[in-house]
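What follows is chain A paired twice: with chain B in the first complex and chain C in the second.
Showing the complex of A and B:
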């Protein structure tokens, strides 16, 4: 039954640095006095508040509803009072503020009435998706795409494989590792539900081989569920970026997701381990998504580890709980060291996508002046998408965006391998992001001007048509007039002739 | 540790341009020692002279172009150009020959095109070909290996010859020079002599030219070190050496009288330095994996064609420059298949 593993080109063998944060069990972060909840913690439209300032809320109570299809609800992580609905700084690389609901907690942590589903097999996939949407569940691997959408294969697709991504390939991060070690059963609860919702033929739990404890824990939990005969654990080699959706699919199944396509196009749906756990909690316990496991680690953290943290908890309080040697306002990394981003502000809240907070890395890249590209091709040899970053860089720099598209810019997954190996220290991914943004802006501008032109042309055509119709009508009227005039004259003439005749 | 980059990734790789260039220089040391052993200290004088001129010209041009001098001067690329050119020209070349070649390589072939990373042609080879076309006499006045020389030259004699045109005793380069094995092969084949008979002369060693074969072997070993260190990729050397080998093998079968054996081609002249150190220049060469195969094969084929039918005894420099011209075309048509764009 051991199907040979596929492989992806390129990639990096990076030092994991994961031991630092896996020495202690998952701990609960103490309840913060204030919880700041951005209305948009997911990809799609921001949620719409359904509470007002001054309202008392209970733990798990819905405080904002999904707005439109690609959107999810938001819940109060603890009981307390809504004290503000306004713009607050959010953990985003731009450093911008965005609408947030702020709750002052009362310390009671009192739950709202929960409605667990007795047996998920009794309800339809549609109902499951509805509950998951209402529970505010998004992909917890980092992107934050609403999970209910990815649990809906649609009428045109059948799902061959549900792939649970437990690669966690970025250095330092260990939240999925610890979740698999400690809550394997909870993950399998969610996996069963997901398989039911997708009607997936088989389930593969893919875990990197640098997590032996997580693998054995998952194996043990799976062995206790003999009815899951089509679920298996696949141990994959540790290599960055195996955890990328496209890469893990290639490794586990040997298939490639088509460019501009989705995994569902080849019968695969992938979800993160943490997401599966959240699905299990939502269906079997009636609990919405109000907390997550956050890895706090780095060279400047004294008690590195994983922390079950309520959303909205200020990152500064989490860091204080883990104890750091960090100066106030010293920047930290949200996410991993390869794809995360740099933040500084102290009052930023933990959100649904915050998988790791990294304070100090061991081999930190310093800010250096880049040398020119020498076309050595080291970047191309590590690119997991088989792109030519050196050529993409050349054309991005020249703002020759047509050429960047020819070189498949949009297949870049921004994993940062090319940056890492570049001997000239060129920030390649930044150039590619710039080029992508520019192209999307141009596209939007083009669409806008196309629309304006279309509108103008339609209007022009309408006016011309109206003009023509008007002229036609005038002509007809004139003709009619002329005809009747001629007729009258003729009659008049005839009358005269008749009169003349009479006279004669 | 607050000195972060602004954008990810925040982890530092250890790869550096300077390190790559230093590895290249290091990998040439054994072959240079072999050259000194076979051709005397004149080789070293040329290298030092070329290095001084190259670094001086690089610094001056960077200053004129308002570029930061320290990072670019220390990247090592000018030094690599200097050494490659210095070992390619005859050991007893007059000083102005070396200076002219190096200046043209650094000023015209490199900086007038925009400096490091922007030169479409291999600077060392541009300098070499300029000298070959402008000063054919000086450029073909090679030394015989020391064991064959009537008057082995010491350091003082070599110095005098390079800088004053004659030794203290009044010897001129003509008096001490001799043909290279490739030269001898070409000239004597022109005189209808069988290659097998030519290689019986004392100018020739086991497989290639006497001395030259060892220099080639050391360049090959240096090149294998660069491969092991991943400074260069395997495609160019394999394609170039393979093409040269196959073409000479086929020729030996069908027309044994027109050129030497495959091994003679592999271990004579500039084959190994060309395959591992010159054609592998990333800036002026192809940058895609398959493109590098095409590029290397092109250099190998042109080298062979020029050696057998061309007007010059060796063809590596012309081969590299001609293939440099084709690089944009090669790169465009040899893009690797991108993830998700192929057939399922």
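Showing the complex of A and C:
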């Protein structure tokens, strides 16, 4: 039963463009002089620095701790000195800055003492999650959600299937492909640990059929582990966006993740291949997540390929190593051509979620003015989430955000299929992103105003109470005064009568 | 004849009981429209509408005493939301009350603060922390930017600054605007 069981609606057949970056093995990017590490490279709360400027740090040393539940730690990717903890430009579509720790490397690349786990079966799933959290591991597919949370099914769920996502459906990107080709054993190490942590019944490694070398390498590695009887490889057809979490689940298992639901609701947990590899390194070798494989490719790159790059390495240095025909400060794409975003600025660092840097795209669509929507419906037929992009577009444009929610805007995965097919070249996804962030902003403001109302009312109540208490005290004081006055008068009266009596 | 009378009486009794039960069970507390209006107001409690806080203004709107365009912090979007709720025509913001400004945050220049507590007393949401003769500071997350603390400060050490965007609160730009701009340039 190594056939996919289902399919998802819509989607596109795109040219892969992956050959350019898969001709050479994974290379290590040279150590940069400065490493810039944003405190937030994951979904959730930013990490809290635990080092100070001037501190000497070793490779793999924790430099920031997780703050709150949805957060992970951050580690020094190489040995050196902390030279700054301040705001630096980060690779984000806004082009804004965020708090970063900057390390000046000393070139010695000296490791801190590592504590590998002898046998992962001897430790509990809870301990495994703790190690993974402390190792700063997040989903390396692109979103950067803390992995330890996804390895915790909770008491109400049992995990039927652990799905390893090796689809890598977006054109140009090949970092998972190369990882599977070269480090299949390392991936399986992580997969075993993940299965143990989740107590998953079966494991499926899903790989798109345009990666025959990766498939054979994984098959070979799997054959060497006969104890993994419940692990199998499912080859899935190449179609964009098969790599989307909900889409790949639908393709492999035939089950659909409910809207507003999570895969765990239908007994499935999915992780990226790169994440599995990182988990294996963390448990079996005691190495935190300090580097990742980044695809550098595009028409303007001379030596395209995959590069194992330390986090914090300036993207400009990585591009220089791969040799590009890019002018300084010329924009490039972070991510793939479909879902990535344009960035410019040479000093932006490589982060945990940076899977691909694309400089120059083949047959790039010319930037043209968007024409009016002709209601052809092509966007709806390619939407993998079965949404109505046209309706969403009208309502987003009219800023009618309640309506966009009714049309399930938040089920949109921003895959860009609708943009791709739109004959009027309407930037649909830009509208959806705009509407999403506007709605999230409204939500934030509503929360803030609710809080302000609560605080205002509490203050109001407190002031009233204070007023009442003051009045009460005044009344009591007056009463006491009156009482003592009356008493004195009485005494005085008694005195006079006594005196009178004496006189008489 | 008699059966008809009995049947109707019974019916009336049953329905009466049902209605009585419903009126107790589903009793509406307070005036829901005031609540709804209050929910739409930004809760800065700044008093620019000439009422002592958002709720009194909501009550006045509900009573039909004032217009819906007297809330500068809420601005255009609040007026639109109120107009939708009350099914009236939206109006431009009443400039007597003030103008729509970006979200502001009060910042105390801690060097100059003399610890007089006047701003603490003025803050409607208890967002200023400090004690007599000790330095005060603003809890940035709680500040609504109402500016009520600026006036009472005797040493003028409170500044209103525009709230800085960070990558988590950043919003994607409106593509239709981008197109207009590009069209304008061309």
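Note that in this section the second predicted complex is superposed on the first by the 440 of 504 C-alpha atoms of A that agree within 3 Å, B and C clash if a C-alpha of one lies under 4 Å from a C-alpha of the other, contacts with A are read in each partner's own complex, and residues count from 1 in each chain.
Here is the rule we go by: a residue touches a chain if its C-beta (ideal position, glycine included) is under 8 Å from a C-beta of that chain, and two chains touch if they have at least 3 such contacts.
Model, not experiment: these values are computed from the prediction.
*Asks:* May I ask you to decide whether A:255 touches chain B, chain C, both, or neither, giving the answer as first, second, both or neither?
*Replies:* Touch partner of A:255: chain B, not chain C.
*Asks:* Can A:333 be said to touch chain B (first), chain C (second), both, or neither?
*Replies:* Only chain B; A:333 stays clear of chain C.
*Asks:* Of the partners chain B and chain C, which touch A:369 in the superposed model: first, second, both, neither?
*Replies:* After superposing on A, A:369 lies in contact with both chain B and chain C.
*Asks:* Tell me which touches more residues of chain A here: chain C or chain B.
*Replies:* B
*Asks:* Between chain B (first) and chain C (second), which does A:96 come into contact with in this model arrangement: first, second, both, or neither?
*Replies:* In the superposition, A:96 contacts chain C only.
*Asks:* Taking the superposition as given, does A:416 touch the first partner, chain B, the second, chain C, both, or neither?
*Replies:* So A:416 only meets chain B here.
*Asks:* Examine A:427 and indicate which partner it touches, taking first as chain B and second as chain C; both and neither are also allowed.
*Replies:* Both partners, chain B and chain C.
*Asks:* Identify the partner contact of A:459: answer first if only chain B is touched, second if only chain C is, both if each is, neither if none is.
*Replies:* Only chain C is touched by A:459; chain B is not.
*Asks:* Counting contacts the way the document defines them, which residues of chain A are shared by the two interfaces, the one with chain B and the one with chain C?
*Replies:* On chain A, the residues that contact chain B in one structure and chain C in the other are 369, 427, 430.
*Asks:* Using the touch definition from the top, list the residues of chain A that touch chain C in their complex.
*Replies:* 40, 90, 92-94, 96, 98, 369-370, 397, 427, 430-431, 433-434, 436-438, 441, 444-446, 448-453, 455-456, 458-460
*Asks:* Taking the complex as given, what residues does chain A use to touch chain B?
*Replies:* 8, 14, 171, 246, 250, 255-261, 266, 299-300, 327, 330-331, 333, 335, 337-342, 358, 360-361, 363-367, 369, 371-378, 380-381, 384-388, 390-391, 407-408, 411, 416, 419-425, 427, 429-430
*Asks:* Spell out the residues on chain B that touch chain A in their complex, using ranges where they run on.
*Replies:* By the definition above, chain B touches chain A via 1-13, 15-17, 19-20, 68, 71-72, 75, 77, 114-118, 230, 233, 282-283, 285, 287-289, 292, 331, 335-342, 344.
*Asks:* How about chain C: which of its residues touch chain A in the complex?
*Replies:* Going through chain C, the ones touching chain A are 38-39, 41-45, 53-55, 124-127, 142, 144, 165-176, 178-179, 182-183.
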